[in-house]
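Okay, structure first, notes after.
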Amino acid sequence: MERPRYFEDYELDEVRHTHGRTISETDFVVHAGHTGDFFPHHMDAEFMKTTPFGQRIAHGTMIFAIGIGLTASEINPHAFTYGYDRLRFPKPVFIGDTIHTVLTVSALLPDPKRPGKGIVTESCRVMNQRGETVMACDHLLLADCRPA
Amino acid sequence: MERPRYFEDYELDEVRHTHGRTISETDFVVHAGHTGDFFPHHMDAEFMKTTPFGQRIAHGTMIFAIGIGLTASEINPHAFTYGYDRLRFPKPVFIGDTIHTVLTVSALLPDPKRPGKGIVTESCRVMNQRGETVMACDHLLLADCRPA
Amino acid sequence: MERPRYFEDYELDEVRHTHGRTISETDFVVHAGHTGDFFPHHMDAEFMKTTPFGQRIAHGTMIFAIGIGLTASEINPHAFTYGYDRLRFPKPVFIGDTIHTVLTVSALLPDPKRPGKGIVTESCRVMNQRGETVMACDHLLLADCRPA
Amino acid sequence: MERPRYFEDYELDEVRHTHGRTISETDFVVHAGHTGDFFPHHMDAEFMKTTPFGQRIAHGTMIFAIGIGLTASEINPHAFTYGYDRLRFPKPVFIGDTIHTVLTVSALLPDPKRPGKGIVTESCRVMNQRGETVMACDHLLLADCRPA
Amino acid sequence: MERPRYFEDYELDEVRHTHGRTISETDFVVHAGHTGDFFPHHMDAEFMKTTPFGQRIAHGTMIFAIGIGLTASEINPHAFTYGYDRLRFPKPVFIGDTIHTVLTVSALLPDPKRPGKGIVTESCRVMNQRGETVMACDHLLLADCRPA
Amino acid sequence: MERPRYFEDYELDEVRHTHGRTISETDFVVHAGHTGDFFPHHMDAEFMKTTPFGQRIAHGTMIFAIGIGLTASEINPHAFTYGYDRLRFPKPVFIGDTIHTVLTVSALLPDPKRPGKGIVTESCRVMNQRGETVMACDHLLLADCRPA
């Protein structure tokens, strides 16, 4: 649903938790087919038995796409994505893991180049059912300042 | 196919171009369904006619997933992804655009924390058929140094 | 295949059984992606462990779409769907259940508004492998009467 | 997101509009593959040129699944679907049409069989970009009454 | 539906025509994702503009899979596929073409190695909307002889 | 990646092994949906329990499409597929099996009808994780002879 917010409406340290989603073998197969990345790390259970992981691991690009997708429940018409920084995957995601995303507003800065805009930094952490962080990044939003 | 390369085998400024891929309406629909992000920017042609874009625009997460997926044609068993930095989307991707990815080795640094490893920075640029950059990021690879 | 039948060719209480189909986790994921309904009841195995169901349950709309889809093996060029009445879901469908549909002609009435047409009511019951009804509805068909 | 509401919190005639979604050829193909219904009305453009429709028409089950799916933006933990009544498809949906759903609370009745529960009837109308109703039904919700 | 037939029930030169199906861009994308074959002939519209085809052409494996799939409308419990011979693709299939399959029983031979079985050869031709053959093969079925 | 080879560059008995891929229930469901073949052999686990197989078996057309798809890692601009001969499925593929393809150049013949072309026969064998051949065929390639 729509939730209009100006730059001034964001508060430092505000936190939002998404619903959870169980990552299935289907997601692995769909992501391989969507991206064309059929590397055996994601697709060959026999090969992965011979590695320390012991089983197939999710594509990083999938955890990013689904982890960010989980946050897409409210639309702010006054903001749009500027980019993402420091995207990291500290732990693997396995078939059957359940992930959710925690968003924390970690910085609020006026945009030095665009008058009337501010940069909202949302720290994104994707967590699994064991409370481990499996992905982290900073989501940069460009938000309109409230009209004078 | 497999192409084993040690940290020392990478060369600064070496460039790789991927094949191209036409981004279809199907990719939009598959990505929405894969991620759960059905925002009208990607899914509502009537709404988008009322915006400056004039038509639906691709999810940033899709251009990232497919743009990186295009590079997945050779496996280096001596390297793995550490993360991505400065992910940006300077231009929108529309239905029917054809993209490919250009990888340039832009930095080669020993890993200060992990002896025997080096950090390869691949600058990734996803280009459309008009020669415009629609996505850019730095891909950080952790590569084994050649055994002494 | 085509099987032309006029209104007069239907018989009260005639019964048709479809083939069976095992409902997989894939179907859950595809249906969520197709409809945009990622509610945790269907997608979050951890959450569902905390409920009386103990596991994910299928979308009602999926059991309807697949249950009716199972009947789509013969085309009658003299009839088309008018609508569905009293659609109910008395039992949940879990991943791994196998369903089939039983159609019974339960009413045959001349169409009061459309001369030359009759209304065929097919009572649809979707059953699981334990013999339980998991979905029921009345399918209303508008069929041409046999030309004089 | 979650929005807890008791039976008493619903108001007669309250209305909710969903976002829009453009129905693509992809949706037709995905739905056929999901349900197994490959009838030529949905899948054979050449055949449909010979009919009054002139082009492929959407599966009714798809418009139901997507039309209801569009409403799945807020979860009420105090209510669940009891069923659907009088599902009708007054107009066809073509490839490229954009639909949204309008929900109106049209009846609020205590449940005669289940003390402490009420039945909320949401009248659902799926509309296209020309303002035509392409699907209508009554969605019956069983909602908890507010604890005394 | 089921249609039991013994070897003796097949007749030389009997012909069956399937329904038609329009091959969409979605089918191209799904097939690439299903098989991992993202060759530019199927996926890169810009590249194909530079070739004599002028546009993307379907994977041969897709025309085989869909062309044979179109025949899967009746199950014979007394026969199963032994293999396929002389699979050829005399013409390309483009996005938007509508195909159907014509099956002709072209040979009926007792199985020299398996007493009580016969080999039914079905000549399969996949045709497009211009009446051109886009795929041909011989489908070999092993069928039970009628019990004495 | 591209690997240009003329007819003269192929050597008799040269062998290529592909990566492996685990065939999942998702692949079964995707293939049924892609082709429209929902026969209970592939889709009904309860029915298959009553057969000697004991479980669902893969579509032959899927093993062909994926088995050949696994070989699509290098493009030879001087060759294209002429057809396939003697396609056989000696063993079933079950959900969870991991397959790879072995290609052996088994014949190299000048094309009698097309001067300047040669026919390369690649014997394709799809193997499972138990070393069994689950599919075999001859892939015929038409390759340009090296310009004089």
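Order of writing sets the labels: A, B, C, D, E and F. Residues in every chain begin at 1.
Keep this in mind: a residue touches a chain if its C-beta (ideal position, glycine included) is under 8 Å from a C-beta of that chain, and two chains touch if they have at least 3 such contacts.
All values derive from a computational prediction rather than experimental measurement.
J.: So if I look at the partners of chain D and the partners of chain F, which chains show up in both lists?
T.: A, B, C, E
J.: Can you tell me the least number of steps between chain A and chain C, where a step is a move to a chain it touches?
T.: The fewest touching-chain steps linking chain A to chain C number 1.
J.: State the chain with the largest centre-to-centre distance from chain C, centres being mean CA positions.
T.: B
J.: Only C-alpha atoms count here: how many degrees separate chain D from chain E in terms of the superposing rotation, rounded to the nearest 5?
T.: The two chains, chain D and chain E, differ by a rotation of 120 degrees.
J.: Just grab the chain with the largest centre-to-centre distance to chain D, centres being mean Cα coordinates.
T.: The most distant chain relative to chain D turns out to be F.
J.: Do the two copies chain A and chain F share over half of their interface residue numbers, or under half; same or different?
T.: different
J.: Determine the centre-to-centre distance between chain C and chain E, using the mean Cα coordinates as centres, and give it in whole Å.
T.: 30
J.: Hey, how far is the Cα centre of chain E from the one of chain F, in Å?
T.: Centre separation, chain E to chain F: 16 Å.
J.: CA centre of chain B versus CA centre of chain E: separation in Å?
T.: The answer is 38 Å.
J.: Two or more other chains in contact with one residue: find those residues in chain D.
T.: Where chain D meets two or more other chains at a single residue, that happens at 21, 25-27, 30, 33-34, 36, 38-40.
J.: Is the chain-to-chain touch network here best called a line, a ring, a star, complete, or other?
T.: complete
J.: State the interface residues of chain C toward chain F in the complex, per the touch definition above.
T.: Per the stated touch rule, the residues are 19-22, 24-27, 30, 96, 98, 129.
J.: Which of the residues in chain D end up touching chain F in this complex?
T.: Its residues touching chain F are 30, 32-34, 36, 38.
J.: Which of the residues in chain F come into contact with chain B in the complex?
T.: 1, 73-74
J.: What does chain A use to touch chain F in their complex?
T.: Going through chain A, the ones touching chain F are 25-26, 28-30, 33, 38-40, 43-47, 56.
J.: Can you list the chain F residues touching chain E in their complex?
T.: Interface residues on the chain F side: 21, 27, 30-31, 34-40, 59-62, 64-66, 68-70, 72, 75, 81-89.
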